[in-house]
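By letter and in written order, the chains are A, B, C and D; residue numbering begins at 1 in each of them.
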Amino acid sequence: MTCPISLCSIFIGIISVATFLSIVRAIKGPTGADRVVALDVMTNITIVLLVLLGYYFQRFVYLDVALVYGILSFVGVIAAARYLEGGL
Amino acid sequence: MKRIVAAILAILIFIVLALAFVKIPFGNINLSDYHYYNPITDKQTSDSVPQHYLVDGKKDTGSTNIVTAVVVDYRGFDTLGEVTVLFLAATGVGSIMYIFEKEKRRKVRRANAVVETASQLLFGFIVLFGAYIFVHGHLTPGGGFPGGAVIASAFLLLYLAYPRFHAEHKTLNVAESLAGLTFVIAGLLGLLISGSFLYNFLPFGVPTYLFSAGIIPVIYVAVGVKVGSELTGIVDAMMGVRE
Amino acid sequence: MSIAILILQILGYIFIGIGSFFLLLASIGLLRMPDVYNRMQTATKATTLGALSVLFGVGLLDLAWMPMSIVIALFILLTAPVGASALARASYKHGIKLWKESVVDKYKEEKEEE
Amino acid sequence: MDLFTLVSLILIIAMLIAAVVAAELKDLLSAAVALGVVSLIVSILFYILQAPDVAITEASIGAGLSMAVLIFAIKHTERWEK
């Protein structure tokens, strides 16, 4: 099946554009909280990008990378939130 | 003026590096003309180095993941050195942070109830996933170092959610020592049985199964536990609050 | 048999298309909304829906991938709201002002009632 | 042009901008977040180059632990660079 794979590549292009737009907010954001929000959103978009790329390469084992990325950046976001809150 | 000079310098360095990197062949070059001396068969062979690892790696070590085969089997002694370096770094952080012990009697604000409940729910899941990563090191990407980092981040989540939480130092030390001892004993058994340190003396089994690849899973479990307890010790030295 | 597989493929691509459209909308909302709280609610809700939809679609395309993609989807479903809630509370306590045209501030009202 | 060349170009440009921003910002918390962005994109690039072991290690160290360590350091010194 060659046609559906090229369809998949269109979606990969759309999602990488979405990643780029959220990176723009992470760079531009006036306060620190804006940047942390942008990082949080970008994490979720990136997990999806990694899963779709794994489907494009037809490698099942690549899904582990997406899950590890999700876990660790969640911990990073919670650390930043606790710092802003005044805890930690 | 200083910034402009710095920018010009950075661009010059970039151009020089780029010109140097253009000359280096990456990827698709055919290395099959490269001859090397094979000490086992005592003759010149025409196999290239990457071909050797990719083709003979599975036969030599029984591991499906060639990166794991290189890290634990072909270059196992280097991994022992890396683990030692990490242990020394953890010791250094602990001894520096010991100076700030007095400062830790500070007031901390409690976390949100949502964060507390979620960290309780997710802790077991994250530890399980870290164990999955280092147990399956010879089958899927990952291995001891990422698995240990995932386990340490599970403890970091607890430290963030409950400011009064602290892990037991004795348990951490015992786990770390046992893991290091397992690594060294596996190497010494190889030395005893066949005359080379870290020799793969267990049966290989069928590739792509969990119990395969000889001593590679044993060593990766040991590395995972050791890295996890060391990084947890670093996190504890930095974020723990003593009563 | 092949017709069932074809239907699954078409359904999977429809789900992936919906999901990637929502992800694009989420990032546009992240760019165009005026303050932290608006950005947070837009981005988190749309991203969660989009990510779940794409993961379900990938699971439909190849049924062997379904368990792992369900695990990733469950993880996103658990962590995204928690992260957003912690961030919102943290930025309120940090003293970031609401947008000048925002009208509802329940947290402040509750504080005043106590 | 290949799809992966295009995606890699977009990501590399964003990574370079984020790295420069991380060096230039006076707000150190934002600089730590920008470093997290750089680490994320490096991880995606390793993934596209079919090196999942390196990608998994980069993600596990760069995303969670190093950001927490940097935030801890900011907490014990000060947030705004003079």
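Basically, contacts are C-beta pairs under 8 Å (C-beta built on N, C-alpha and C of every residue); 3 or more make two chains touch, one makes a residue touch a chain.
Since the structure is predicted, the reported quantities are computational estimates derived from the model, not experimental observations.
Q: Quick check: more C-beta contact pairs in B-C or A-B?
A: Result of the comparison of B-C and A-B: A-B.
Q: Taking each chain's centre as the mean position of its Cα atoms, how many Å separate subunit B from subunit C?
A: It comes to 33 Å between the two C-alpha centres.
Q: Could you please state the distance in Å, as a whole number, between where the Cα atoms of subunit A are centred and where those of subunit B are centred?
A: Chain centroid spacing, subunit A to subunit B, equals 24 Å.
Q: Taking each chain's centre as its mean C-alpha position, how far apart are subunit A and subunit C in Å?
A: 12
Q: Round to the nearest whole Å and give the separation of the Cα centres of subunit B and subunit D.
A: That gives a centre separation of 20 Å.
Q: Out of subunit B, which residues touch more than one other chain, so two or more?
A: In subunit B, the residues touching two or more other chains are 111, 115, 133, 141-142, 146, 149-150, 153, 156, 160, 239.
Q: Specify, in ascending order, the residues of subunit D that touch 2 or more different other chains.
A: Subunit D, residues with two or more chain partners: 52, 55-56, 59-60, 64-65, 68, 72.
Q: Of all residues in subunit A, which are in touch with two or more distinct other chains?
A: Residue numbers touching two or more other chains: 17, 19, 24, 36, 38, 61-62, 64-65, 67-68, 71-72, 74-75, 78-80, 82-86, 88.
Q: Testing understanding: with touching defined as stated, what is the shape of the graph linking the protein chains, line, ring, star, complete or other?
A: Contact pattern: none of line, ring, star or complete.
Q: Which subunit C residues qualify as touching subunit B in the complex?
A: Contact set of subunit C toward subunit B: 75, 78-79, 82, 85-86, 89.
Q: Which residues of subunit A touch subunit D in their complex?
A: Within the complex, subunit A touches subunit D at residues 9, 12-13, 16-17, 19-20, 23-24, 26-27, 29, 32, 35-36, 38-39, 42-43, 46, 49-50, 53, 57, 59, 61-62, 64-65, 68-69, 71-76, 79-80, 83-84, 88.
Q: Within the complex, which stretch of subunit B touches subunit A?
A: By the definition above, subunit B touches subunit A via 108-111, 115, 119, 126, 129, 133, 139-142, 146, 149-150, 153, 156-157, 160-161, 163, 239.
Q: Residues of subunit A touching subunit C in their complex?
A: Touching subunit C: residues 4, 7-8, 11, 14-15, 17-19, 21-22, 24-25, 31, 33-34, 36-38, 40-41, 44-45, 47-48, 51-52, 55, 60, 63, 66-67, 70-71, 74, 77-78, 80-86 of subunit A.
Q: Considering the complex alone, what residue numbers of subunit D touch subunit A?
A: Contact set of subunit D toward subunit A: 3, 6-7, 10-11, 14, 17-18, 21, 27, 29-30, 32-34, 36-37, 40-41, 43-44, 47-48, 50, 52, 55-56, 59-60, 63-65, 67-68, 71-72, 74-75.
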